[in-house]
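Quick one: this structure, given as structure tokens, is what I'll be asking you about.
Labels run A, B, C and D following the written order; every chain starts at residue 1.
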Amino acid sequence: MFESFLVREGSLQNVEKDGFIVGFKFDVRNCDYRGCFLSLHTGYYIEVDGEVFPVELQKFEINGKPPRSFDEIAKCVWEHWDFDDWATVYVQKPGGLSKGKHRLGIYQGVMAQYGWMPHDQEWIDNPPSPLEIRGKQTGIYYYDLEVE
Amino acid sequence: MFESFLVREGSLQNVEKDGFIVGFKFDVRNCDYRGCFLSLHTGYYIEVDGEVFPVELQKFEINGKPPRSFDEIAKCVWEHWDFDDWATVYVQKPGGLSKGKHRLGIYQGVMAQYGWMPHDQEWIDNPPSPLEIRGKQTGIYYYDLEVE
Amino acid sequence: MAIKRGVSLYSYQQAQFLGQMDYRDMARELREGLDCDGIEIINEATVPGYPFPSREFLADWHNTLARYDLTPVALDGFLDTLRFRDHVMTKAEAAELIKLDLQLAHDMGFTHIRTMTGLPVEVIERALPTAEKLDVKIAWEIHAPIPIKPDPTIQGLYCESPGTAVADTVEFIEKTGTKHVGFVPDMGIFMRAPYLSGVHRLIRTLEDRELAEQISELMEEVPLSELGAEVEKRWPGRLNPQQKRALSWKMHAAPEDLELILPYVFSIHGKAHNMVEIPGKPGQYEEPALMYAEVIEVLKKNNWDGYICTEFEGQRAYQDRGIEHLLDEVEQVRRHHEMLKRLIGE
Amino acid sequence: MAIKRGVSLYSYQQAQFLGQMDYRDMARELREGLDCDGIEIINEATVPGYPFPSREFLADWHNTLARYDLTPVALDGFLDTLRFRDHVMTKAEAAELIKLDLQLAHDMGFTHIRTMTGLPVEVIERALPTAEKLDVKIAWEIHAPIPIKPDPTIQGLYCESPGTAVADTVEFIEKTGTKHVGFVPDMGIFMRAPYLSGVHRLIRTLEDRELAEQISELMEEVPLSELGAEVEKRWPGRLNPQQKRALSWKMHAAPEDLELILPYVFSIHGKAHNMVEIPGKPGQYEEPALMYAEVIEVLKKNNWDGYICTEFEGQRAYQDRGIEHLLDEVEQVRRHHEMLKRLIGE
């Protein structure tokens, strides 16, 4: 769902800290027909120009709080990511992205379900990567974005 | 009502942004015997030393939120301006006001009513200017204030 | 069964605006200055974060009432029909606002809410189940120029049929048998002269200073009720229509009209603009513009049981000048209660 | 007693996602575009700060319903069993979530909540006292592939015994005599052909463009219900299993199966993917994949009283492309209500 509209156009930017570029960020929406409890959001499959950035390098900014790692997000079992709200994904990459066009491939990991499933205990013990969840996206979706 | 007490003494100041003076501001109270839902507040007739500053150049700061335009304020149909609360009016004027005395003329626009009136639909379609509302003030009131 | 005394905190609006009194100070004045127990408030003046007060405020409210042994009478609400800005408030939406006020009144301990004058029956009908569930009554204020007896010539104000609004609501009450709908008559409908506050302001602000002097002198000669007619007779055309209005007045209802609706009168607004000493009776006060003696006589005769809550509003006519010219609300309300006590026979 | 029309705001998910409509805009469309009054929502799509909305939101919700004279039907909730991340949600925890939804439904005025399909009786049992206290009913959705009549071969989905879940719940209802437990059947169980949206997507995304063309042409020749079988017959093995699924379909329940549970059917999901004009009947529409005429016949015959709420979801199959290729949800829902009105006989 909403594969074409998951990432906000024009939102890809480098992130500065203490005068150094430490990574990049972009804005996303929940690619479903509803929001979710934050703990269900497990991060993203992210590739930029073929380079993959695992969940450990990602942080997630929502609800007016500072960006949090997905380990922290996993503990937010009562906080909600509302359907209408844009969030920001931060990706650690010293030096950031070069100016100009980039190809972002993305797959959003949300462990939304409709009840108990045979894989439940297995997924608690060994949480699947975003790509393994097979959520509402039909596949990795690619965006051509520009860093200005 | 409270014509003499609408603007806080000593509150007239210039506003700086990024090292430039972009306008001026002053503090106001709701010139009625009660507060109002924010959406009913339509802005001010403001003149300083004879120069008039229309509502489009004004912003309104209340309830701990950043200053908002009166177009935004019009959408706040559940947020309340409590009777006891001072608010701040921001007026855009590159360079601000010169140091020293200024004569501020003011009329506060609040579309408070006591029930349905024949002008209702007309005022929805063509909102009156603050001066046309004829609220609780008997007329434009003038304050001699000093920018320090 | 008795006529009891109360105060709407509306009376201290100026002290509140100027930061001289908060609602706790007012509550103390009711108990210690006036020895009365009835308290009425303006929702949008007293309740921070209206219509959704914090639990801290509600706790402090009940604590304050307990401390000064006060009885909540009425919560006064409004009907700002343009609030949604993209459409005129519908009657269904007005009923939703009234439901919020009923909930608030319930949470604050009030027995009824006072709504805007001429509230349409369709609105009352939609809000009534909530009123009954919460056991809080809906009472609309009979405020000038709305009469008690039908007067269909009154048009273009507040609702579709302001002139017959009281009769329409009485019909609804009698048809349904509800105990949760009624009225709060405002003493301002029982006029006998213009308000002094307006006369003072006219004299003070008139550009024609000679005429101002003359009106001032004339006040010593003729009764206040005849001042307007006499000015027009002696100096025709010298006042413009707006100025004339300050001297004119109209009896919107007769005191005995009250008997038509008395079972549905849940409380009364004791409107006052200027409490002045009665000549020859030091320490006794009256409101020259309103028929208090006659109205209280009707209430006594009919064994009416309820609160008259002072609604002092004379302060406003003096607020265009400096702080030294303001009226003292506390003193004015004390005078009003001297009068009420005396007329009630406490 | 009547079949009434409503809409689940789920139908406008795309317009909401794209910021084109908020719930107030949808409410207006229900009244002004569709002239219906039933409204159903997805809790986690419409309620900001779910499961703890602000009082402002609740007030605005009731105001919006009042403004457009709408009747809340069902609040739809979910069962994300992995939410706690350190353990699989227990049935007792699921019941707690359902209690929160019951409270929310109560506060928003809904008569029932729609829970996940195959909700175990143990969960219902634990939440039932809250449902009775708040007088909000619990209804689980009978959604494909769950049947109405028991089919024990269905396994491995949602709960321990999905194939007999309906019968298990009916047994519980009859044993306890509760009036607060029932079902929301989704029209998607009454299939008669594959969803056109899926067929379109297959044809559009198939790498084998020759086959795509051939399927497209074949659609003109054979009934939609036989398309899958015919493709397999003519071009065996050309589609992989996932692609085949887009053309396959199964009748999970027969319309008359409804009679087994009709007293416990609190509302119905009017699922729709593509509303297409009926050949030769301009302005009349049908959903080629579902047995609406037959189902509504059963409802009428049994004097069923309740809402069918449109649940349009055809939009999703077109969202992998640019904005110019999206389906118009407002138009699709209007077509759906043309069909409902006509079949109901409004």
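The rule we apply is simple: a contact is a pair of C-beta atoms (placed from the backbone, for glycine too) under 8 Å apart; a residue touches a chain by one contact, two chains touch by 3 or more.
Predicted model, so just to flag it, every value in this text is computed and none were measured.
Q: Identify the chain pair with more contacting C-beta pairs: B-D or B-C.
A: Counting C-beta pairs in contact, B-C comes out ahead.
Q: If I superpose subunit C onto subunit D using their CA atoms, what angle of rotation comes out, to the nearest 5 degrees?
A: In degrees, rounded to 5: 115.
Q: Just curious, how far off is subunit D from subunit B if you go by their C-alpha centres, in Å?
A: 50
Q: From the mean C-alpha coordinate of subunit B to that of subunit C, what's the distance rounded to whole Å?
A: So the centroids are 29 Å from each other.
Q: Would you mind pulling out the distance in Å between where the CA atoms of subunit A average out and where those of subunit C do?
A: 60
Q: Please report how many Å separate the Cα centroid of subunit C from that of subunit D, as a whole number.
A: That gives a centre separation of 55 Å.
Q: Where in subunit C do residues touch at least two different other chains?
A: Counting only residues that touch two or more other chains, subunit C contributes 51, 87.
Q: Which residues does subunit B have that touch at least 2 chains other than itself?
A: 77
Q: Following the definition at the start, I'd like every touching pair of chains, please.
A: Result for touching pairs of chains: A-D, B-C, B-D, C-D.
Q: Taking the touch rule as given, give the residues of subunit C at its contact with subunit B in the complex, in rising order.
A: Against subunit B, subunit C makes touches at 10, 13-14, 16-18, 22, 42-46, 48-51, 78-89, 116-119, 156-160, 316, 319-323.
Q: With touch defined as at the start, can you tell me which subunit C residues reach subunit D in the complex?
A: Counting only subunit C, the residues touching subunit D are 51-52, 87, 90, 92-93, 95-97, 99-100, 126.
Q: Going by the contact rule set out above, which residues of subunit A touch subunit D in the complex?
A: Per the stated touch rule, the residues are 1-5, 29, 33-37, 39-40, 74-75, 77, 80, 82-84, 111-118, 120-121, 123-124, 127, 138, 141.
Q: Contact residues on subunit B for subunit D in the complex?
A: Spelled out, the residues of subunit B in touch with subunit D are 77-79.
Q: Provide the residue numbers of subunit D that touch subunit B in the complex, in ascending order.
A: Result: residues 56, 59-60 of subunit D touch subunit B.
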